[in-house]
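Paired with chain B in one complex and with chain C in the other, chain A is shared by the two complexes that follow.
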Partner chain A sequence: MDSMDRNVVVKTVDLTKVYRTFWGKTYVRALNKVNLEIYEGEIFALLGPNGSGKTTTMKLLLGIMFPTKGRVEVFGKSPRSVEIKKDIGFMPEESYLYRFLNADETLRFYANLMGLDRKTRKNRIDEVLQMVGLTEARRRRTREYSKGMSRRIGMAQVLLKDPKLVILDEPTIGLDPMGAREMKDVILDLKQRGKTVILSSHLLADVQDICDRIAILHRGDLIRTDSVENLLTIEDTWEIVAKNLTDQTRQKVRQVIQEGGGDLQKIGHPRESLESLFLKTIKEKEVEK
Partner chain B sequence: MIAFLKPLKTYWPQIQIGLGAVCLALFVVGASSRKVLAIALNTIKEELRKKILYLLVLFGVIFLAASSAMSKVQPGREGEAAAEAGLFVLGLFGMLTTIFSATTALFSEIRSRTIFLLFSHPVWSFHIILGKFLGVAGLVFISVSLMGLVLVGYFIISPWTDLLIKIIPAVVLVFFQLMLLTAMCVLGSTVLSRITNILLSMILFFLGTGHSFFTEITEMMKVPVMKHYVRAFLFIVPDFEKFSIRAKMFTADFSLDATYVLSAIGDSLLRAAIMVALGILFFRLKEVGTERWE
Partner chain C sequence: MKNVWHLAVISYKDSIRKRILWVFLIFSFLLIFTSVALRVMSLERSSVYDRTAGLEAADVKATEEKMTKDMAIASIAIFAVLILLFTASGQIPEEIEGRTLYTLLTYPVKRRHFILGKFLGQVLVILTIVTVMTAILYAALFVRYKTFDLAMLKGIYAIVIQLSVLASLCVMLSAFAPVNFNIIFCFVLFLAGHTTGYISTLARGTKLLPAKWGLTALYAIIPNFEYFNLSSELALKTDVSYAYLFSVTLYGLVYITSMLTIGVAAFRDRQI
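Showing the complex of A and B:
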């Protein structure tokens, strides 16, 4: 679909954020005139090294921070507007949890902030705990949780809201490959259900796997924005994938390419990704058991 | 102008009671919001699971030791001495519990960054600040009630049961004194760092408990400009002294009547409401999460 036909969920115009010292001196320019449009139903990734402005962008989208210059709109309104908060789900980089509460109490607290009635609240909590695989650990205090479990409870509070826009800061960090795959499946499921997802990640393979579009930030500057397809396609190179080729046929292919003036780079067997191999091996072992 | 203010001064206790009732009604309406209640209950739950309760147990032991010892060192007024000692310990431990909890409540939410998740939910600054205030006030109520019960229980089994008629209102006033201190700390936590907030709260509490002494000193000042400034400052500092009646409640020239108690409660509610309102305003303008960027 053309971007012109799609609803803009997030828009930033010359978004600038400067951190200053107590005395008003510029400490760091975290974002510099960033212009972004994020559309309904897409998975959008913010990429960049540490200190590039990813988390700052997310905090500005949540209305936790205020822009120094420029503006940011979420669903056409200021992110400070409480009205739009019911449609936004946020999972921070580290799952910031109330350490003395258990999973049930944590989710009940957030359900109360959303104003859910008792019956809906109970059903939704049971449902999301099952979705993130924490039903059995629901009575354990969150301070006893592993990093992976904390991420899951963080995701559970997002799912509890059933928001239109989901903001995920490093969603797969700290998860084992199985957990990371499950998290990616949850994100893809959100997209299937028409949700808009904005995520930041250092794990580029994860981003490549699931995202539609990417913005690359560097020291507060937005240096590239495009679809994963456009960014990763090498325009002057072609890839032909075929099965069951004989030596003779491969020779012929080589010859045809050379005759056509092409520069053959490689003919060989494609390789599986390590993640895919790992998941397949674990699944096979589980089936055996 | 002064003539106009005269009846205001005459009926000030009654006005305080009326304004206090209005503020109490506002707090009750605020607490009826599910979001405020959720934040308040969460604050109580979090704080109760910390180790404050151990402090209360420690208080019980200290109280019993202190009050029984005090009753022996002042022959002829054993009961009064025990009551004074008990109320002193109650006020002291209550103040420490209040300052610790009230300065931590919002600060820990910011430090542990759970505030980010709060902000991603449909809550106003009003819900957060009022919820935090009511949560800590609830916690203070629980701790003062527990300590008060120990104190009252001690006097029920002692030979000085007649003193309870003065001790119970004194405990109630301690609660409202600490509620006002809670509001002050919550307001402080919207603009100050935790350490500054603790120090400033203690200083203001100290100034407030010696309000009449500092007022007298001010009146003796020779430089008029200085006198006005100090007067204005003392007007802002809550008069914590009026809630602390342990030293004067057994003196002949002090009458502990309902108007005194209710007007003090009204004053506490009114000042607390103003401080919470200011806290909401400051918190609305506050930018959190600026300590780290990526």
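Showing the complex of A and C:
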């Protein structure tokens, strides 16, 4: 679908954030006139090295930090507006939890803040705990949770809200390959359900795997924005994937390419990704047991 | 407004699990019981002395009971203040350091409700610790004197108001100040609040105008914590009128409202 036809969920106009010292002196320009439009139903990634402004952008989108110049709109409103908070889910880089609560109490607290009634609250909590695989550990204090479990409960509080916009800071960090795959599946499922997802990640393979569009930030400047496909497609190179080719057929293909003036770079077996191999091996082992 | 209550419950649960609260609570328990025991020794000594002075043993016992109550009520106030300083001062800085506030503020929670929730949570803490300490005091007095003086509850009520004022001050400061500064500042202010009478006297006696204005302003700003101290009146069985309790309540409410208003204003534009 063309971007013109889609609803803009997040819009930033000349978004600038300057951190100043107590005396008002600028010590870092975290964002510099960033213009972004993020559309309904897409998975959008913010990429960049440390200090590029990813987290600052997220904080501005969440309304917990305010722009120095420019503006940011979420669902056409200021992110400080309480009205839109019900529609925004956020999972920070580390799931910061109240350590004295267990998973059940944590989710109940957040459900209460959403104003869910008792029955809906109970059903929703059961459902999201099931989705993130924490049903068994629901009575354990979150301080006893591993990093992976903390990420899951962080995701559970996002799912509990059933928001239209989901903002995830490093969603797969600290997870084992299976946990990371499950997290990516959850994100893809959110997209399937029409949600908009904005994420930041250092794990570029994950971004490539699941994102529709990306923005690359560097020292507060937005240096590129486009679809993953456009950015990664090498325009002058073609790839043909075929099965069961004999030596003779491969030879013919090579010949046809050369006759057509093409420059054949490689004919060989494609390689499986390490992630896919790992997951397959573990699954096979589990089936054996 | 329901969110204020949910936030208050979380703030309460967070405070109640703090070890320092239990340490001070145990100390207060020991002190209240010890104060009763100390009076026992005092009675033995005093009875010999006072009988020679022509006093009846019953009068001596009554005097001792008054002193015990005075000391025990003062102990409740001091220990509750110490507990409160440690639980209330960290309310907002801990949410920021622990980054639980990041997630919290992505929920439909107004910042002013967050401040009110924190304050209400501390009021629940105050009610809990004061109830426990009062129960200990009544039990100790009953064991020693077989009395159950309900009039003491007026003094306890004034302590609750006093602590609520202090909690509002702590929560207000925690909206922008670090924990250590908050604890020290509130403690100093608590001590200063018991000496506002001297500040007022000084202001009246000073001829230098800037000093007079400064001292008068200080007298107006610092809460008069001595106003809430009814331990002597109650120990001496001087009746404390309900009108006085009402004025104490009103004074407390005005101060609490002012502190929370400043806290809300300071936190409204705070970037996290």
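Throughout what follows, the second predicted complex is superposed on the first by the 289 of 289 C-alpha atoms of A that agree within 3 Å, B and C clash if a C-alpha of one lies under 4 Å from a C-alpha of the other, contacts with A are read in each partner's own complex, and residues count from 1 in each chain.
Everything below uses one rule, namely that contacts are C-beta pairs under 8 Å (C-beta built on N, C-alpha and C of every residue); 3 or more make two chains touch, one makes a residue touch a chain.
Just so it is clear, the structure is predicted and the values come from calculations on it, not from any experiment.
Identify whether chain B and chain C fit side by side or clash on chain A in the overlaid structures.
In the arrangement built by aligning on chain A, the partners chain C and chain B clash.
Tell me which partner A:Gly63 touches in the superposition: chain B (first), chain C (second), both or neither.
The answer is both, since A:Gly63 touches chain B and chain C.
For A:Lys86, decide between first (touching chain B), second (touching chain C), both and neither.
Touch status of A:Lys86: both partners.
Applying the touch criterion given at the start, work out whether A:Tyr98 contacts chain B, chain C, both or neither, answering first, second, both or neither.
It touches chain B and chain C both.
In the three-chain superposition, say which chain, chain B or chain C, touches more residues of chain A.
Touching more of chain A: B.
Per the contact definition in the header, classify A:Val228: touching chain B only (first), chain C only (second), both, or neither.
A:Val228: touches no partner chain.
Of the two partner chains, chain B (first) and chain C (second), which one does A:Val28 touch, if any: first, second, both, or neither?
A:Val28 contacts chain B only, not chain C.
Mind working out whether A:Tyr110 is in touch with chain B, chain C, both or neither, as first, second, both or neither?
both
Output check: A:Lys54 vs chain B and chain C. Expected answer is one of first, second, both, neither. What do you get?
In the superposition, A:Lys54 touches chain B alone.
With the touch criterion stated at the top, can you tell me which chain A residues are shared between the chain B interface and the chain C interface?
Of chain A, residues 59, 62-66, 82-83, 85-86, 88-90, 92, 94, 96-98, 100-101, 109-110, 112-115, 157, 161, 167 contact chain B in one complex and chain C in the other.
Mind listing the chain C positions that touch chain A in their complex?
It comes out as residues 2-3, 6, 10, 13-14, 17, 98-110, 269, 271-272.
Hey, which residues of chain B end up touching chain A in the complex?
Of all residues in chain B, those touching chain A are 34-35, 37-39, 42, 45-46, 49-50, 112-124, 127, 287-290, 292-294.
Flag every residue of chain A that touches chain B in the complex, lowest number first.
19, 28, 30, 50-56, 59, 62-66, 82-83, 85-86, 88-90, 92, 94, 96-101, 105, 109-110, 112-115, 157, 161, 167
Going by the contact rule at the top, pick out the chain A residues touching chain C in the complex.
It is residues 59, 62-66, 82-83, 85-86, 88-92, 94, 96-98, 100-101, 109-110, 112-115, 154, 157, 161, 167 of chain A that touch chain C.
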